[in-house]
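You will see two complexes here that share chain A, one where it goes with chain B and one where it goes with chain C.
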Partner chain A sequence: MSNAQFEIQLIASLVAIACAIPGTFLVLRKMAMISDAISHSILPGLVVGFFITQDLNSPLLILLAALTGVITVILVERIQKTGLVKEDTAIGLVFPALFSIGVIMIAKNANDVHLDVDAVLLGELAFAPFDRLTIGGTDIGPKSLWVIGIILLTTIALLIAFFKELKVSTFDAGLSASLGFSPVVIHYGLMTMASITTVGAFDAVGAILVVALMIAPAACAYLLTTDLKKMLGLAIFFGVFGAISGYWVAHWLDASIAGSIATMLGVVFFLVYLFAPSKGLIAVMYREKRQRIEVLLLTFLLHLKNHSEVEERHVNHLNEHINWQKVKSKTVLDLALKNNMILINNKIVSLTEKGDEFTSQAIDYIITNEDAQIEDMKKHFFLFRG
Partner chain B sequence: MNLQDYFSLVFSDYTLRTITLGTAILGAVTGMLGSFAVLRKQSLLGDAISHAALPGIALAFLITGAKDTNTLLLGALVSGLVGTFWIRGIVTKTHLKSDTALGLILSLFFGFGMLLLTFIQKQPNANQAGLDKYLFGQAATLVESDVWLMAIITGICLIVMLLFWKEFKLLLFDADYTKTLGFNTKFIDVLITTFIVLAIVLGLQTVGVVLMSAMLLAPAAAARQWTNSLGKMVFLAAIFGAFSGVFGTAISASQDNLSTGPVIVIVASVFVVISFIFSPGRGLLFRQIRFIKNRRDLEFQKTLAFMYHIAETHEDISHPHTIKILNNFQGFTRKTLQKLVDKNYVTLDGAMWSLTEEGFETAANLYNQNFKKHE
Partner chain C sequence: MDNIKNAHSKEKTPVSPSTDMAGAGVIAVKVDDLTVAYNYKPVLWDIDLEIPEGVLMAIVGPNGAGKSTLIKAILGILKPIAGSVTIYGKPYHKQRSHVAYVPQKGSVDWDFPTVALDVVMMGTYGSLGWIKRPGVKEKKAALEALEKVGMLPFKDRQISQLSGGQQQRIFLARALVQDASIYFMDEPFQGVDATTEIAIINILKELRKAGKTVVVVHHDLQTVPEYFDWVTFLNVKKIATGPVKDIFNDDNLTKTYGINYKVSVQK
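Take a look at the complex of A and B:
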């Protein structure tokens, strides 16, 4: 592994960490699409900054672009407040307009601007190590490494300093306000940080893939845990994993590094989406199926409890009366038998004492609408769920 | 070329005519379907779908090796639909919210598309150049057959929309009610979504992946301000969309170095801003005017009521009082006093005012009158 390769991976990992931290809060605050809006609408800020400074890594340019990001957020909120359109429409209206202004500004000055829309949108990490920062003639590393490093340090410092405030205002804005932390200040602080991170990261990974690095690791982490600290840690881990594995995929395919980082994040998200222990697709489908069977069982037991007549309790009658298929009724019968809820004598089904008690308690809970307690009750009766 | 040249050439010049027609049709169809997206709170779905279409274009090229527009758009359609249904899968099956799902699909699919595009560029195949026009769109590459395709699809959209108008409308405003009436809501839902995806895919060649969502939203958001009727809104949105297309093309053709997509988006945004400010029913300007007028009325009534309470304590209601005692009263200005005089509720005599018979009557019934007005 050459020095340049190491530097690229280091930059990619730092970008991933710097994005994962604000990304986690954006996902939790249901503002993920704001990051998409910011990443597009910083373009006019970048162009204006570039006209002034002629340097893509100048701090002034980063500040100007970040300012455009914050302006976007304010504009979106202003439009939302008028009530003329729904909030998501406001986002969708603001950023394409700003982005178009940026594209037109570049196009009109195409001859004297070395700024390419493709480069802004897509970035090129492979060239990052060649743009070096020299102080007094000594080479102290790639410029973008310094830029993203400073942004990351600021982010971490702010995160540690305001962790409590961020946490409270994210989960309970009302409580946060009553405790004396202004949710508005925290909100704009977070938006400013997200804007600065987006600008700092864009020339490494491109504006749209910043969105991937912000949202995907946080979304994966959110499917795996409900603890904020663990979620931050997991998001950082997924981000760095995506960055490094993405680099090697790009190396192997000889394709865009940013693209393959996003693709790797996509693969990771897909796996987490399918296999996450309690919130993944498979777990959810399994749970839904089990719940369906439980409801069937309960229906069946209620039917038995309501009818003492022999003909209503005949096995064959159940098929037509509750309108179940053969297989379905057999599953439910078996389940009830295994749980010792029923007895079958001569194809006549009757409730056992346990089944009777279970049914009356279940009906109590259903009538009183205390769904939460029904889980305890199931445990109490050692319900075997097939 | 200036704008006048453009309008004199638009009917004779093949390229200009094709592009103008193409952008106009595109604007109309996206405006039409965008109305549904906006009202269903799926505004950002367009953004996600247009980005999600990119890998489809690249994959279609990789598989067929041909740069035929229809094949590429078919690929875009398929991957756009996959993206849409995955978004739905994430929202319904996990606790991730729709904004996260949209952002995920948008960025991950786009990243994958970029991977494929850069991979294709490295292939020893001279045919691959020009795929990146789908990023920002190039209206200039439209040919007559593309415009025909757009026209045909727009026609199909129109027919389906008219056929299912009642169902679309019902589902839009009351999904549960639709279900209880026995309509297959899933089918209607999929139908609308598919057509939205179709409209987006159609626009990719002209406006590009990045700006497509604005084409969907802006005309619909502008149209929403002028009417509360779905039919009128869809119609207006189509008109706004078509005009944005035509004006955008005209402006970009009359200037050097202006790509059509961004200009169309800016024109559409101008429509939105104008609608936000000047629409008579909901616009900000008229809302502000109404607000000021209401406040004036209120101040006027408050002053009258205050005078009434003073006059009440005297036997002679037109007993004169000095204007000074009104000075501390909030809402009293020289203007409201003048208005009261104009309406003949009050007479002025130097620095003194007195309530007239008419003014006293009105003030006594002030709140009753308000009550009647509201009925």
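Take a look at the complex of A and C:
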């Protein structure tokens, strides 16, 4: 691995971490689309900044572009507040307008500006190691590494300082306001940081990938944990994984690094979506199937409890009595046997003590709907999980 | 607050309304000429209201009467277009530590990645102020509050895995941990089971006994005389406010709900 390769992966990883942190809060605040809006509408700010500074990594350019990001958020909120259109419509109105202004500005000044639309959309990560920062003649690394490094350190410092405030205002804005943590201040703080990160990452990975890096890792993490700190950790992990694996996929396919990273993030999300232990598609399907069978089991046990007559409890007659198909009856019988809830003597089914108790408890729960009683049952049966 | 530790009892017989009257004329919350508007349409119009210290007060009124808005305006969450609010004679932002707020259960996303204990800990954030983190003391207070509402066994439960009644108890615990003088609660009985409703009202009555002021947005008119000693009728304008035994009558109900209201009120 050459030095340039290492530097590209390092930059991509730092960008991924810097994006995953605000991304986690955007996902939890159901504001994922606002990152898309910001990433596009910072373009005019970027172009104006470039006219002034002639340097894509200048701090002034980053601040100007970030300001356009915050203006986007304000415009979207203003339009939404009129009550004439919904939030998604407002987003769809604002960012294409700002983005296209940027596109026209680039086109009109194509001769003077070393900026093209491709680079804006997809970034030029492969060239990042060539733009070096030198101080007093000494090479201290690629400029983008320094830019994103400083942004990342700021993000982490703010996250540590205001973690509690971010958490409470994201979960419960009303409480946050009543406690004196202004949700408006925190909201705009987060939006400013998201805008700055977007601009900082923009040069390296482009407008589209910034969105992928903000949203996909956080969405994966959301499916895997019920703890905000772990969610942040996992989002960072997925972001870095996507960045590094994406780089090597691009290397192998000889394709765009940004595109490969975004693709890898998509693949990772698809896998998490399928296989996440409790929220994943397969887990949910499995649970629903279990629940269906458990409802059948309960129906069957109730039948046994209600009928002491032998003819109602003969294995071969179960099908007729409860009107089930053979396969279904067998599944239910097996489950009941496995749980020691029934005994089969000479093809006559009867409830065991455990089965009887379970049925009584279940009836009790269904009638009273009291939570306390169900706690024990919940541990053993999917059926009664909220 | 120690005397409310046993408030969570499963006793089904409701406690009879307290006969002891509100404190000797101290005004806990004073609202003057308050008008609040959404998009230039007033939802609260020229409200004057005094809430005496030590009452357990219901705010009743039809949907859209501005009940939640009144609480939010008192707490500074909504900015009024006119009027003022004082808590013990001072503006709200100077009295935050004396006030606890329980928003409507439906106002938050219960899929948020956190556990019951953590939600209760949020009640301590106000006294910590910006940046400072909760520590051992805050955790201990949160555990005590969970114990009071009978939710200690669920402290590590993901909040989406709690029933509606349990979620409401968590919210109540979060308010208790603030150890405030005045409690504002927005429909704490919405979507909770009978056991939880009794547990909550018993805790509120204990709070009143401890000299706290409790203000509750309430929907079930039948239970007003049983649960509360003070009531405010609200329908965009204030209709009436005072002791339940004096003003909870068909006349005020009719004025508030607009139809000829006949609830047989047992006094």
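Just so we're on the same page, the second predicted complex is superposed on the first by the 291 of 386 C-alpha atoms of A that agree within 3 Å, B and C clash if a C-alpha of one lies under 4 Å from a C-alpha of the other, contacts with A are read in each partner's own complex, and residues count from 1 in each chain.
As a working rule, contacts are C-beta pairs under 8 Å (C-beta built on N, C-alpha and C of every residue); 3 or more make two chains touch, one makes a residue touch a chain.
These numbers were taken from a predicted model, which means no experiment stands behind them.
Asker: Taking the superposition on A as described, I'd like to know which of chain B and chain C A:L153 touches: first, second, both or neither.
Answerer: Neither partner.
Asker: Does the superposition put A:Y222 against chain B (first), chain C (second), both, or neither?
Answerer: both
Asker: So which one touches more of the residues on chain A, chain B or chain C?
Answerer: Of chain B and chain C, B contacts more residues of chain A.
Asker: Examine A:V184 and indicate which partner it touches, taking first as chain B and second as chain C; both and neither are also allowed.
Answerer: Neither partner.
Asker: Could you say whether A:A161 touches chain B, chain C, both of them, or neither, answering first, second, both or neither?
Answerer: Once the two structures are laid over each other on A, A:A161 reaches chain C alone.
Asker: Who does A:I140 touch here: chain B (first), chain C (second), both, or neither?
Answerer: neither
Asker: Which of the two partners, first being chain B and second being chain C, lies in contact with A:S256: first, second, both, or neither?
Answerer: first
Asker: After the superposition on A, what does A:I366 contact: first (chain B), second (chain C), both or neither?
Answerer: So A:I366 meets neither chain B nor chain C here.
Asker: Which holds for A:L84: it touches chain B only (first), chain C only (second), both, or neither?
Answerer: Only chain B; A:L84 stays clear of chain C.
Asker: I'd like to check the shared interface: which positions of chain A are touched by both chain B and chain C across the two complexes?
Answerer: 30, 222
Asker: Write out the stretch or stretches of chain A touching chain B in their complex.
Answerer: Residues of chain A touching chain B: 27, 30-33, 35-36, 40, 79, 82, 84-86, 88-89, 91-93, 96-97, 99-101, 103-104, 107-108, 110, 117-118, 121-122, 206, 208-209, 211-212, 214-216, 218-219, 222-223, 250, 253-256, 258-263, 265-266, 269, 273, 276, 279-281, 284-285.
Asker: Using the touch definition from the top, list the residues of chain A that touch chain C in their complex.
Answerer: 28, 30, 83, 161-165, 167-168, 170-172, 174-175, 177-181, 222, 225-228, 230-231, 369-372, 375, 385-386
Asker: Spell out the residues on chain C that touch chain A in their complex, using ranges where they run on.
Answerer: 39, 72, 75-77, 93, 96, 99, 101, 103, 107-109, 112-115, 119, 122, 125-126, 128-131, 133-134, 153, 158, 160-163, 165-166, 174, 193, 195
Asker: Which chain B residues qualify as touching chain A in the complex?
Answerer: Those in contact with chain A are residues 38, 41-44, 46-47, 51, 89-90, 93-97, 99-100, 102-104, 106-119, 122, 132, 135-136, 210-211, 213-214, 216-218, 221, 224-225, 257-259, 261-263, 265-266, 269, 272, 276, 282, 284.
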